[in-house]
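Below is the structure I would like to discuss, written out as structure tokens.
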Amino acid sequence: MTDTIGTDALVDWITRFREAVTEKREWLTELDSAIGDADHGANMARGMSAVSEKLGAGAPGTVDELLKSVGMTLVSSVGGASGPLYGTFFLRMGMTAGAVTELDAAGLAAALRAGLEGIVARGKAESGDKTMFDAMSPAVDALDAAIAEGDDLPTAARKAADAAAAGRDATEPLVARKGRASYLGERSAGHLDPGAASTTLLFETLAAAISGSS
Amino acid sequence: MTDTIGTDALVDWITRFREAVTEKREWLTELDSAIGDADHGANMARGMSAVSEKLGAGAPGTVDELLKSVGMTLVSSVGGASGPLYGTFFLRMGMTAGAVTELDAAGLAAALRAGLEGIVARGKAESGDKTMFDAMSPAVDALDAAIAEGDDLPTAARKAADAAAAGRDATEPLVARKGRASYLGERSAGHLDPGAASTTLLFETLAAAISGSS
Amino acid sequence: MKKLINAPEDVLVESLKGVALAHPELSVDLETHVITRATPKEQGKVAVVSGGGSGHEPLHGGFVGAGMLDAAVAGEVFTSPTPDRVQAATKAVDRGAGVLHIVKNYTGDVLNFEMAAELAQMEGIEVGTVIVDDDVAVQDSLYTAGRRGVGLTVLLEKLVGAAAEEGQDLAAVVDLATRINGQGRSMGMALTSCTVPAAGKPTFDLPDDQMEIGIGIHGEPGRHREPLAPASDIARQLVEPILADLDFAGPAIVMVNGMGATPQIELYLMYAEVAALLEKAGVQIARNLVGNYITSLDMAGCSVTVLKVDDELLRLWDAPVNTPGLRWGA
Amino acid sequence: MKKLINAPEDVLVESLKGVALAHPELSVDLETHVITRATPKEQGKVAVVSGGGSGHEPLHGGFVGAGMLDAAVAGEVFTSPTPDRVQAATKAVDRGAGVLHIVKNYTGDVLNFEMAAELAQMEGIEVGTVIVDDDVAVQDSLYTAGRRGVGLTVLLEKLVGAAAEEGQDLAAVVDLATRINGQGRSMGMALTSCTVPAAGKPTFDLPDDQMEIGIGIHGEPGRHREPLAPASDIARQLVEPILADLDFAGPAIVMVNGMGATPQIELYLMYAEVAALLEKAGVQIARNLVGNYITSLDMAGCSVTVLKVDDELLRLWDAPVNTPGLRWGA
């Protein structure tokens, strides 16, 4: 078993993520209706379809070029909070990955960690603020822990996805402190955070791409 | 039996008419919602309550002063189509009645006929245009006919009220040619004319005032 | 009924109170509901008075000011004001050169302004009248109440106001008004009914997937009801009857007007559709207005008005105007 | 969903097309959704750029023109525009004296404008930023996203636009903007939700007898929901938190703003209520705006903005402005 993820698998990840946000578009928007402005589904679907179009014209051969292209496309097609945040995530991932054609488990973990840090640098979210951070941070932590325990990449990615989902579900009772939902004060409690929901899709599709490619 | 109507009975008529339009206010507005602008009830209630207030401050002793005062008050408090039309009706009635303290059957019939002609002079309505004319004209005709047949005043007034009601009901299938309802074209058919409905109340209350006072 | 009001019967006066507070350049009489300029125009110029039921704001009160109206008489919601008030306004603004009454063609408005003109003339004030009847949704006929006065009223008040301001005499101003009325047409549609405060519920029920074509400005239902359609189709349904009624090839002023609850983003979208159709028909849009100018309370929908113009009308259009609802060059 | 639109995804571009057709004095880029003045201001003057999600019209595009904005960047409905577009607008209008970005305090707007400023600065354009956060419905805190930028944005764009137009340098313009942001506050409420075209149904459900207090401008629910109340009570609920947050005794500019579907007759009525409450609290209303200036698509409701002013701010307020949404002295 090759415990790496190459550019093809990364493209597969991006494609699956695009399909997932498109399929769950209405659900994401519904979540954003409850505590935001009812556009998270549209934002993610617009951004990822721009990414697909970009990649369809020819995907770069190295991991850094590929992920930076994804990031730049998101930055320049989404707008809203999620555009710069997801955009920065992929840009930082790419910068950390470097001009390679595949990433091993440690390389992927480092890249994801850099992406997460990029989101924090931009958005200043902390744990419990009820944002995408609350799904992403446990997912990256779980990936690190699984690799440290010696899990193979598919297993580690699966654990990351599960941690993201758990983190997403844990946003429900929270009172938001960042993003639009914070304007609702106490009324933001009792709803899942839309960004945490899309981030869970990001890790679910990563796990699927990795097991599909392993 | 005194076959006349004096100023007291006329005041009673006006009071009863006020009560009737106030009580039927919502119905009149509903009729006007269907083929007009949803204000006929409010217009008539506002006008007649202004009239009551005016008369409450002291009713004139002669028929002409009384009816002209009613007419002027309606003109200056209703607005819309019904203000000038009902206002002119009472003004002309008063002018025709003259400075008397009571009207006999022929005098009342002549005054009502003059009122009707005033409405036509202002509004140019013809029979079948789906307006208050379609209730008032048969009512005045019926009064004339009853008096010619030798009916007493209460009986004649009763027949006039019945003719008004029949005229009102006959407006239902008509396509309006005057007033706001005319803008609806064919869609105005299938609804009673609100003005014909309030005119019927005018003759119903006249009959009630006359029988109450006879 | 969801409205920012207190008691329904106080809406008009309380709203006029707000107009008075917001616009020190206007005088608002809370008894008679007459709005005049705080600084009257010079003696010897024709005064222009309009009015009608309330609920069409900014029409008419929002068009009082230099270059447009001298007075507006506000009736109750959707109810023409009474003759005594129109006469009072007429008398107040007469500067010795006569007064033009701009009357929208509704039986109520026509009758009340007619009586008002009689009263004013009895006091020696010369009164001219133009009856605006531009709504092509209504079939014109000698035997009916005729066409309604709708959107064209806004353009006419601006143009005639400019002519009066520059000192044209009453006969000229009446002629101009009559000419404008002859060469302008409008057509409107509604996505929703409006709710008259005193009635407390929508004037008509319109299912979620239906719209009314050929409405007026009083919440009256239109000529027909049909399934909701895209903006391009709605534009066609508004523009075609206008073009069918009068040859508009050549320069024109075009207004896309909101009925009160339709936001600007939609009105501009409609304007793009309307402009494309008109251009295809040889209409050159020389000037335009896009916004809420003659509304129907909280109705959602829009109307289109097209007015054939020449250099003279464009000159009057471009003349300074300084009112709450329309302002440029001042 | 009852709207005058074609396909939901085309609303923005098709509406911008209408803006372009209606306003030859503006340049509208249908690719980047950037609106600029057709005639740029003189070299050597600070340029003022704003932008944000669409659906708030006339904000921001309707405020481009002499005396106000140099460019507006229109994002998708309720979605901040992307950094590349803001940067393109910044570059297009820079006249060598630097550019002020006016940003409403939403995470999306702040992040995208921040990236845009970085991009512009990399190209050697000096960029100053003011983040408007005037909404007292939101509790202010270092640990949250902070207060939203709402109604004050309109007043700030006018005042800062005037300062830039008269030639004040970037530091002065930034200072002025910061000062204005410090002394203005707003609060809003909704009678109905709005409907985002792409979503196709109302963002939140609000029963017929309920209203939302403390809403923003993106159809987000407010701080709390309560039974429908008379206008006088609503005015109190909007004015009190504003006065509790800052001492407004003295001269002020006051705006009563409609959310998009509320007609003028109601806004003026609200203005009367608001003005009475403010006066009682020692606020002297020196200037006012009543109308739809910063909207939330087809939401019914209103907001109140109060800005403390001095003679200098009043001078800038009275300076000529010539935009589709705000115009005087020109």
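All chains are identified by letter, namely A, B, C and D, in their written order; residue positions are counted from 1 within each chain.
Methods note: a contact is a pair of C-beta atoms (placed from the backbone, for glycine too) under 8 Å apart; a residue touches a chain by one contact, two chains touch by 3 or more.
Remember, it's a predicted structure, so these values are computed and weren't measured experimentally.
**Student:** Among the other chains, which touch chain A and chain B together?
**Tutor:** Correct list: empty, since no chain touches both.
**Student:** How many angstrom lie between the centres of chain A and chain D, each centre taken as the mean Cα position?
**Tutor:** It comes to 32 Å between the two C-alpha centres.
**Student:** On a C-alpha centroid basis, what's the spacing between chain A and chain C, in Å?
**Tutor:** About 55 Å, centre to centre.
**Student:** Going by the touch rule set out above, which residues of chain C reach two or more other chains?
**Tutor:** In chain C, 77 touch at least two other chains.
**Student:** Which label fits the chain touch graph of this model best, line, ring, star, complete or other?
**Tutor:** Topology of the interface graph: linear, an open chain of contacts.
**Student:** If two chains touch, include that pair; go through all of them.
**Tutor:** Chain-chain contacts present: A-D, B-C, C-D.
**Student:** List the residues on chain B that touch chain C in their complex, please.
**Tutor:** 29, 33-39, 42-43, 46, 75-85, 122-123, 177-180, 182-185, 187
**Student:** For chain C, which residues count as touching chain D in their complex?
**Tutor:** 2-7, 11-12, 14-19, 21-22, 54-55, 57-58, 62, 77, 191-192, 208, 211, 228, 230-232, 234, 260-273, 275, 285, 288, 290, 292, 295, 297-298, 300-302, 327-330
**Student:** Sort out for me which residues of chain D touch chain A in the complex.
**Tutor:** 53, 75-85, 106-108, 111-112, 114-115, 135, 137-139, 141, 143-145, 148, 196, 198-199, 203-204, 216, 218-221, 223-224
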